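Quick one: the structure is below, and I'll ask about it shortly.
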């Protein structure tokens, strides 16, 4: 199977970064691209959410949120098998892997567009409800009910990160405005989506490359976890999709979300609530290993497996 | 007239807490510049989400500077990237600080 | 009446800001969005200005410039009624409210597009001629003919701010190039306009929220002025539109310009020429009260009133 | 002949800069625009390169690379005629003028689109192969085979600058993905191209203006060189195009590349390898004189001459 | 060898005037970094149009530093956010300053 | 406890080499802020490609500071824009530097 062109941009960034090319996309550009991506995804979901029966959606969202907790616990359990890894680090990494990566989700959406497979219109809401639960779990595993910086500031960090705010905001605006009144915004938020995703992935490639040196320092166990947990996460995602009766497209998205690890919400929240955890560990695993793996290998792999297995299991 | 200048170089994530601590100790102001660097806790640059370092300067009377130093030391030195130093400076309007 | 979707972006930014969400649009992004908006508005005006009889336009531009002075004097007079407010502050606030806000103008243009009402093609020139007069008035009211930083540097600040330069530059390029030769630039400057306006308003919402705390500090008088003067300004704008024989769409734009307060040209110019004025007062009033009021309530309100009144008065 | 609208944006920036207007496009914006331009050019070339016979292209690319060395030597020879100019400065300026300016190339492409003239699809590869040779020549002229910072870091600087990496990366992605799979990226990389070029030229105008003061300081000889060498460079470019059998459009592009001077790759590389050369000299000549000259006068001039001469000489 | 380092933290809007003042006083150079902070005149951050603060450093002989201080104090302290302090520094090439 | 703080203001292009030199001399860390300024080699601002200045600070023991100064002086003063100065600072944890 050929690579989708957006993944080529990621490879370009990765290659350039590994060769230490004289190139940078300033942080301001990264922020701009992230904001547009988050809003685009939210708006697209919101526009179509208007036509969906909320009573059908809500139980599924609850199920997906529960999946976040399951993933976090699985990750924590596996990580505790390593003697050397302090408990705080295990909890922090588990929080990252139970939560999700919006960039990976966007790649999966682009992939589904390319292969021409539909998915549930409200899938962006999955991203929202998956962002938070595993992070709270990670904090509770270490702090019990007393995080280092106090619950109010932790809640603030968790629920008011730009991921949740912009996705949710985009969803709301999409619902309130509807497709016709959003039409004049399509050129920026919908038509340019794939180009902006390409630039974003170029930057993510550079970032992943800059973290690559840290992989060796953190040892084989972390590398193995960051490569293998996505397979488990994708499986769990696929199972939940099947139990919740999602379409094939929706199942791919949920599998990808299960496989992906957070690099926006989780790092900031864990730094403040469980400061004794080494932020380098989780960020290296998530950015330098899992993100590239999912973008290059994972998305087409999960799709390939799902097309074989999902219809057999009676999934739509 | 002489005052103390306390400089703290630390993780961006601590900004709010640092500012609160400076206010609580009774300092009348502070200045922040963005920074990056390297130390015991590895390289810290401002790319991407992590945020780099900030460099916070507080001009104040010596006891205030020492009390801020002590609080920061006790609260943050174990878990956070942080460097801290003191200098004497001559100010024009000592009543401001 | 439903809110136009661009206003929803402003509300999203405002809400996120008030809840202190972990989100920022870096200053570089703000600059980029502003530059594109200013150029878009200028280009659009210029393209159509090419087909307009200049002899008809010039007297109207003079009339509009005069309106700027009238608004500045009205504002100064009203502000002097407050005993507590120093004369320098009254003059500075008057300069802000006699001048205009390009962001508010852009919202009104988007509104007219949504409701499908035409307006005079050369309306962007109104923005240009309204930016400066009230600022000069504000300076003269305090300094007489001797501003703190010397006339040459004040003139420089006033006439060579990015507002005037980019609007005027856009107009000129539009006139010189004409619609056909500008066609390849439409995707960025015209098609993406509303999306870029949406991002700009998201940022303005965050900015307004960051100023909100200052409202209380500055007292009820300022709050009242910032909420009521727009009504007066819109009325004056509507009257001038009627006297100058503008269309309904043109009247809305002039009303909105009358109601709006500057936050680009005026703050910089007043800081250097009347430094004893407290820049916090005028900026808080303009950004945290008047801008939100106009964007959310004002534009549809002025339009509603104008559709009732303007035809009666014989306006086109 | 009328000016193409993109050049009007350059003039606007230049004028605003010379009048010291209060306007700036932050460096982050400049970086973003540059990245998009480089990728656009590369992608466009790559998409069409897929259909081209590589055996036909390769010898031409070799010829073009050789042209870079010829231009560098010509420039160095001419500059050595000035007694006052140190040898290191002559070599550094020669490196800049033997290398190329991507911004100037983009203006020429926009020009060809406007006048509706075709050119070889693989022209972006000319930019890539012209970037490096003259820089290496300039270093060798001074350091022999021992540049100040060691060859490995010089090679790194030269071959891994963003120009080469993004052009080459874009070409590769274009070839690998092909036109259909790149279609969803057209809105950002192709449709918005001219608008983004306009913003880039606005910024280049501001930059050129900020360098203008330095012209006087550096004397008439440099000014003369920066104005006249482009004519020689364009002639050499035209001759090589004729020898390599390019079309009229291709000939214009090669002439413009010959006439243009680097301001991305060369300055960084020369600063590290020949630090005793004054970077102000080459940058002022390249940015404040040659770039404006080519954008405003050069491109249409070379095109005018080529349309007369090229068919006579039997060029296509 | 010893020289004085004068540091001024003030509003971005004053940059041109500050630089002119430094030149007039005879200093041979200066360095500027972007900053934000808080003081008597409230919070000053670099968002949006207002511009934040700048932090200007001038290394020069003591009399020059004192003369710049005096001029800035007289001209700007009443109306602008400004903090100013002096330190002794050791330089390698005293003739440069 | 007292340590030396060495500050170097120089061209952005030298960053990698400077950091290498600081490491080689045995310093345990450094902090960088972006700067612009003016000196003998004219105006240096961070616009466009050229890159502006960086301001590098190293806290270390005096001999290390002096050795870095010497190396930088010998290697870069002739061809690059560079200013360099030393100050004494009081640090809390001298073993870190």
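Chains: A, B, C, D, E and F, in written order; residue numbering restarts at 1 for each.
Heads up, the rule we're going with is that contacts are C-beta pairs under 8 Å (C-beta built on N, C-alpha and C of every residue); 3 or more make two chains touch, one makes a residue touch a chain.
Please read these numbers as outputs of a predicted model, since none were measured by experiment.
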| item | value |
| --- | --- |
| For subunit D and subunit F, chains touching each | none |
| Between subunit C and its twin subunit D, rotation from the CA superposition, multiple of 5 degrees | 120 |
| More contacts between chains, B-F or A-D | A-D |
| Rounded Å distance, subunit B centre to subunit E centre (Cα mean) | 20 |
| Whole-Å gap between the CA centroids of subunit A and subunit B | 35 |
| Distance between chain centroids, defined by C-alpha means - subunit C, subunit F (Å) | 46 |
| Junction residues of subunit C, two or more chains touched | 24, 26-29, 32, 187, 192, 268 |
| Residues of subunit E touching at least two other chains | 33-34, 87 |
| Pairwise chain contacts, counting only pairs that touch as defined | A-B, A-C, A-D, B-E, B-F, C-D, C-E, D-F, E-F |
| Residue numbers on subunit D that touch subunit C, as the complex places them | 2-5, 8-9, 12, 15-16, 19-29, 32, 110, 113-114, 187, 191-196, 198-199, 202 |
| Subunit F - residues contacting subunit D, complex | 11, 13, 17, 42, 46-50, 78-80 |
| Subunit E residues within the subunit F interface of the complex | 3, 5, 19, 28-34, 59, 87-93, 96 |
| Residues on subunit A engaged by subunit B in the complex (per definition of touch) | 24, 27, 30, 149, 207, 210, 263-264, 267-268, 271-272, 275-276, 279-280, 283 |
| Contact footprint of subunit A on subunit D as seen in their complex | 26-29, 31-32, 35-36, 39, 156-157, 160-162, 165-166, 169, 172-173, 176-177, 181-182, 184-189, 192, 268 |
